[in-house]
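Chains: A, B, C, D and E, in written order; residue numbering restarts at 1 for each.
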């Protein structure tokens, strides 16, 4: 088959921080979709497995400190100098050339956790425990996603299993390119505030491409030059100011920390 | 070279065979296979290879009634999503709902009748044959006689308005001293108050959110699970376009308060004062409805009362600036606007006078019965008109001999201490909950009902909705062996009870009766989840067809709100003594003495201490800091240091009612001297799923005379010892 | 090098090689026979004349059904239609009680491997035989052999213990996927074939 | 029996007392192995590492011991390539130390990774752009080299040398030592470097990220230099310690002075380059990705004093002390300076490992802290105990210090 | 890792990296193989003993490696680097040209019978040329004194080839095994015993006597040997000098029982 006939996409996401209420639906939907086991009794926010995590951020003492934004942080699918890829000793991380999705293969992963130290967005989780489901709950696992074993790193892959199914569906009709509606990640699908837009950034007419191009949209830590494919948008400029970490802000941060 | 084998010979042989093995597949394939073994990790559960199918149902975790679309493999659901364009759910589910399909496998699931050894924390719960348990309950029931009157056989219905509720009431009507108790849901708080204020008793109302522009909420968790989440989220996310504006009057830096455009952080327990203060400004600046004299009966008295609540006074008492009080009053006077009183899922309802004072604002602003305000709602066809149910605080202490707690979740907590106060020492508590919640752990008998999505259930009108709705929750799991349908429980119980002669309907019949009544009314239309089509009820010839549509996952919606009849209200239903109670507030509430702090419990709807959530919600409660685990204590950093506490410390809180262990979380937005303690899910405990801790913070909250427990005082200090 | 030494070493080599080539496979794999001795030949032959797709078809969402569920069989075998005892047994043991047949799948890949039949059959136009061999013509089902260590069917590695296929269709390991995809000039990411 | 294993003409304590000395270490080893076992059997939840502190005590330990173990390669380099014969007096000891450090590091790494059974994937599917791949390859190769270098020391044991094959093999191997020393130097050069690169390449960690020189970040070269500087100092310290513990003279004083001088010169070079690098980092690298270098030092316990300690107090001072002839005449100062030099390098590794991860990157991050669990510490102690045992045994039964015999017989000569 | 393993990329980085790795691996392997081959070669040439002597000699303290020409005072300070094989020494012939060693003047040194008609080996054996062209090999008096009442001789059977500096025979002195170095190359034709005063009768190879000490070299050599013995017995020089009044004390063993005799024997018989 000729790869050229397959459209190369650049899947990306825009998250509207003015809509997000931090309800956590996306986190649960994500965990259920990807067969992430429930926490062990001694798991903490620092040892838990969350492919997507919603952080709270307020505008800090220099402003009123009363305005709060909830920030869903998932793998930012860095498009350039992707920090995790270069460091993995055995090619367990790579960019899917046809979708731009940064893939992590737990079956190849050695569990050295170098990629976690490399990731500025803390978007990766390590399996500190053997996966364990309460009796009977393992029957409710998503058959399209293989559970990970102890001792490996995992992260968001834009619900790649859903892309698999969308492609299979298209293939059955003899098509190579999928219907955008057939491929929607679980978090986007579940968001009660409809704060997330997902799609192909290459397709200039897509909602996501337009939203990403909009003035109010921005990326986190853009100066690292990793060119995330996950964008955020907000009309509150204190959020944009903090997201674009500058020498000035880093100093004021330090002041108040 | 003799025949004797020397060590050297053996070495040569070994060396040779080593060479031979190396040139065979053995070592290499073993290496490969060992790697494959680590890659598919046989310890992981195998995945299903059965075909994938879709199933439609309705969520019953709270009264919201969101539509569910379930993806199943081999008939077992593995993921839930909100049914697209569902009229009630709006195509979304909350965090708890998304994991609803796992509730049937909850580690704290009870699948056999049990009896408890006592009512103390950590009492031993041992299995008991169901018939035996019911016989024992029946024996107590029969043993009741006029001698130990006044006594009551009470049932708490955590989800009133169901067909099942009616069956409960019928049953209770036949047993001596039968008492039907409800725990109203938060959305009702304002509406029930308005009902009491209304001249026509059977006045049912709903909030017309969709149209309203300004929502003033007194501590209602509007953005954290209120009404049907889909609807609220829809309104919220469109606010940039519609100009919807949320003003939150809340002492706690709740998510709603933090996100609201305006956050009035008032001192704990000063809601009444603030409400009256707003009334003052409204009347002073003549912002009230023009026909106020006609729609109210005691405007004069009210005006006289609020005259005392001028902004400077109110500001001094509430800690809200004079300007923002006036500003708020003016904002809500710009209609369409709504004022709602909140009930915290764990902190419980506001005191009576607060609820009236807040509800009165709606009357004052003339939002009653008008578009975008609080509009009258048609009753659900077939819903029997019954006298208002008792609320728990109206029951005399120690009068209940048998207390039956319905298993359904209202999403709101009741402190066990409140119930305990009402139950007679020799009385028996029966829990029908399928899960070992703290409340269940405290019961004497447990007759577990089938779990969420195991039983054909119904979900009618979401609280606060302007139009009624009705849908069936189709089971997605088979009923687990050993659990008992509440109907069967009633049937078995009445069989062993002398007096009770009612016939308990079958579940199917019970629900069909409702459906038939709706169909008979000929009102409304049915939404079909499969294709999102709408079907007029009139278009459905037979009741059977209607029933068919419902059981396919259809959701019936009534046509628009009822014609609003003009109703007149009393702004001070309590009359003079209510007025005096309010005036008493002006003298200011006594601040807790020296070492102790004001404690306010808080929770998330459906995820309070008494409601178990799926273990996967550990993602938001335990594995991230998004929401607070049970026993998280929010303090102002200053307060914390003054008690020698730091962020992350474990501390003990103590008062007359009890002692509890908390984990300190410092938050600059908390008012000094106040501690907000989470009553929420506990951390997963895979090691000992059966074990149940205390009731958490609610065990410290002694319900007051007015039946509220949202405020209490306790001492806090660094915890010693390691036990949590 | 004394002659004796040489002999000893040669004997050792023979011993080691023997273990690796002969005993090892015997120890590594289990042998289980299928619940029903299904004859593809009978079904695909002229009297029935069915094709692969008749039983191994796709569902609407593009998934491959793999081994057909019992109802597929019940369609024809609602009652015994042939004369063989095996069919009789099949009908009595499975069809009538409606008990699903616990087939052991020769070509079952690990859970972490994703193989879309749709793409390979519909788009690439690969014939079933290219991977599954001409078992459609087989009269009896070979014994199912599982690797004790990995739990996979032996056919994934290939019948030949050395891993060198003795037939073009033998072996379903990743190397084979990669080789073919390389020939197609495809550039895949890991997650294109791993789930 | 024991007597026949001890080299002729050197005094060793009685078997009883030797056993007494070993016992605590054996106990410690047992304890440590239990901790390691827990981590392997139960999973890494036994440690206090977490998703944010993904590298902990163990990685720090690896960086440190490998830096200190650099003595092996550098002494070998000077002796066999640079022909500095005076170092023959300590080469065996240096080799043993190197072997201990490297094998220990590899062992700990095997516990540290989540799926040790997949370790060989790194060789089978290497990502050659990863610093960790470079480390893995070099470590394994160099460990092999060290084992080969250690073999002659073993074969020359009094009992083993009776076996002609061993003796002759040792003799032949020894003649080829320069080749191995050369390879060892090459390998060490690369893995010491790539250990530095490990952090230098982390563009997601502004504190560690450094500009690239060629294909490697500057930390690559700084690590090589600092390791080469610390190595001889560590050999010096250990030799001195062994002398103190055994109350024997094992090498001539000039050997100490020479080691000190080498260490000093390299350290001085390191300090200079480190200073330059730090200035570039503060003024260019760090700001360019949006972080003011000072902010790294404002937050919490890691103050600028760390920079001072690392570069001046434990860098410049010992370097000068080690270089100056007059100072080195006084063994006390010499050893103290060597110790300071080692501490300086250890501090550098600590900062690289811990501070890098403790500092926040996202605006809503907090400064994090981490304390190892007892299992982690135990595993660490196991390496220590293993080293002690291997060294003690080697010292008792093998000739680690060829000069010892003569010095014990003809003191002063 | 290899071109036939998937994910192998024909990129410069890959090739360089793996190239370096493979060449390093190859070098390590070949070094090992080389060492092994050389070992086998040595055994084929059965040089094992030569190697052993070489290694032992390397380990000898310089005090034990004093050149014979230093002994005679022809040169101030000179240490042997030719394993005492003066035949291979370049300096030796020149020394001989300048000065031929005089014959011994006395037969008794420090009260020990050290006849001048014999040639002495550094390993404290003597060689006496017999008229029939054979040589008699025995232990010199100092050796006898050091060994004390030694026994358990394991003498090589007649016909054994012995090589200079290789092991000639073994004996044990109070439990400590001692190997005695052969002074010359040759074939053993008869064995004696301690009582007979000689141990071996050897048919020597032609011209293998160059390295043996003789004549005037004997006295200074013995003097230094006693000196070394002194140190060996008491490193700190604690015990009274062994040679009092020109007489070596009677029973060394009794005289200094506390000494590490194992070390002493190793020292004096040039065994590491």
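Just so it is clear, contacts are C-beta pairs under 8 Å (C-beta built on N, C-alpha and C of every residue); 3 or more make two chains touch, one makes a residue touch a chain.
Here the structure is a predicted model, which means the values were calculated and not measured.
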item: Length of the shortest touching-chain route, subunit A through to subunit C; value: 1
item: Touching subunit B and also subunit D, the following chains; value: A
item: Identity of the most central chain, Cα criterion; value: A
item: Maximum centroid distance from subunit E, chain identifier (CA atoms); value: B
item: Pair of chains joined by more contacts [C-beta pairs], A-B or C-E; value: A-B
item: Length of the line joining the C-alpha centres of subunit B and subunit C, rounded to whole Å; value: 53
item: Averaged-CA centre spacing for the pair subunit E and subunit B, given as whole angstrom; value: 97
item: Intercentroid distance (Cα basis), subunit D paired with subunit A, Å; value: 39
item: Multi-partner residues of subunit C (each touching 2 or more other chains); value: 61, 63, 110-112
item: Junction residues of subunit D, two or more chains touched; value: 115, 118, 121, 124-126, 129, 133
item: Where subunit E touches two or more other chains at once, by residue number; value: 6-7
item: Full enumeration of touching chain pairs; value: A-B, A-C, A-D, B-C, B-D, C-E, D-E
item: Subunit C-facing residues of subunit A, complex; value: 1-3, 91-92, 94-99, 101, 103-108, 144-147, 157, 160-161, 164-165, 167-172, 174, 176
item: Residue numbers on subunit D that touch subunit A, as the complex places them; value: 43-45, 49-55, 112-115, 118-119, 121-122, 124-127, 129-133, 136, 198, 201-206, 287-292, 294-295, 298-300, 356-357, 360-368
item: Partner subunit E, residues of subunit D touching it in the complex; value: 3, 7-11, 123-126, 128-129, 133-134, 137, 141, 144-145, 148, 156, 158, 161, 164-165, 167-173, 175-176, 179-180, 183, 186-187, 402, 405-406, 408-411, 413
item: Interface residues, subunit E side, partner subunit C - complex; value: 6
item: Interface residues, subunit B side, partner subunit C - complex; value: 1, 9, 12-27, 29-30, 33-34, 36-37, 39-40, 42, 44, 46-47, 49, 51-52
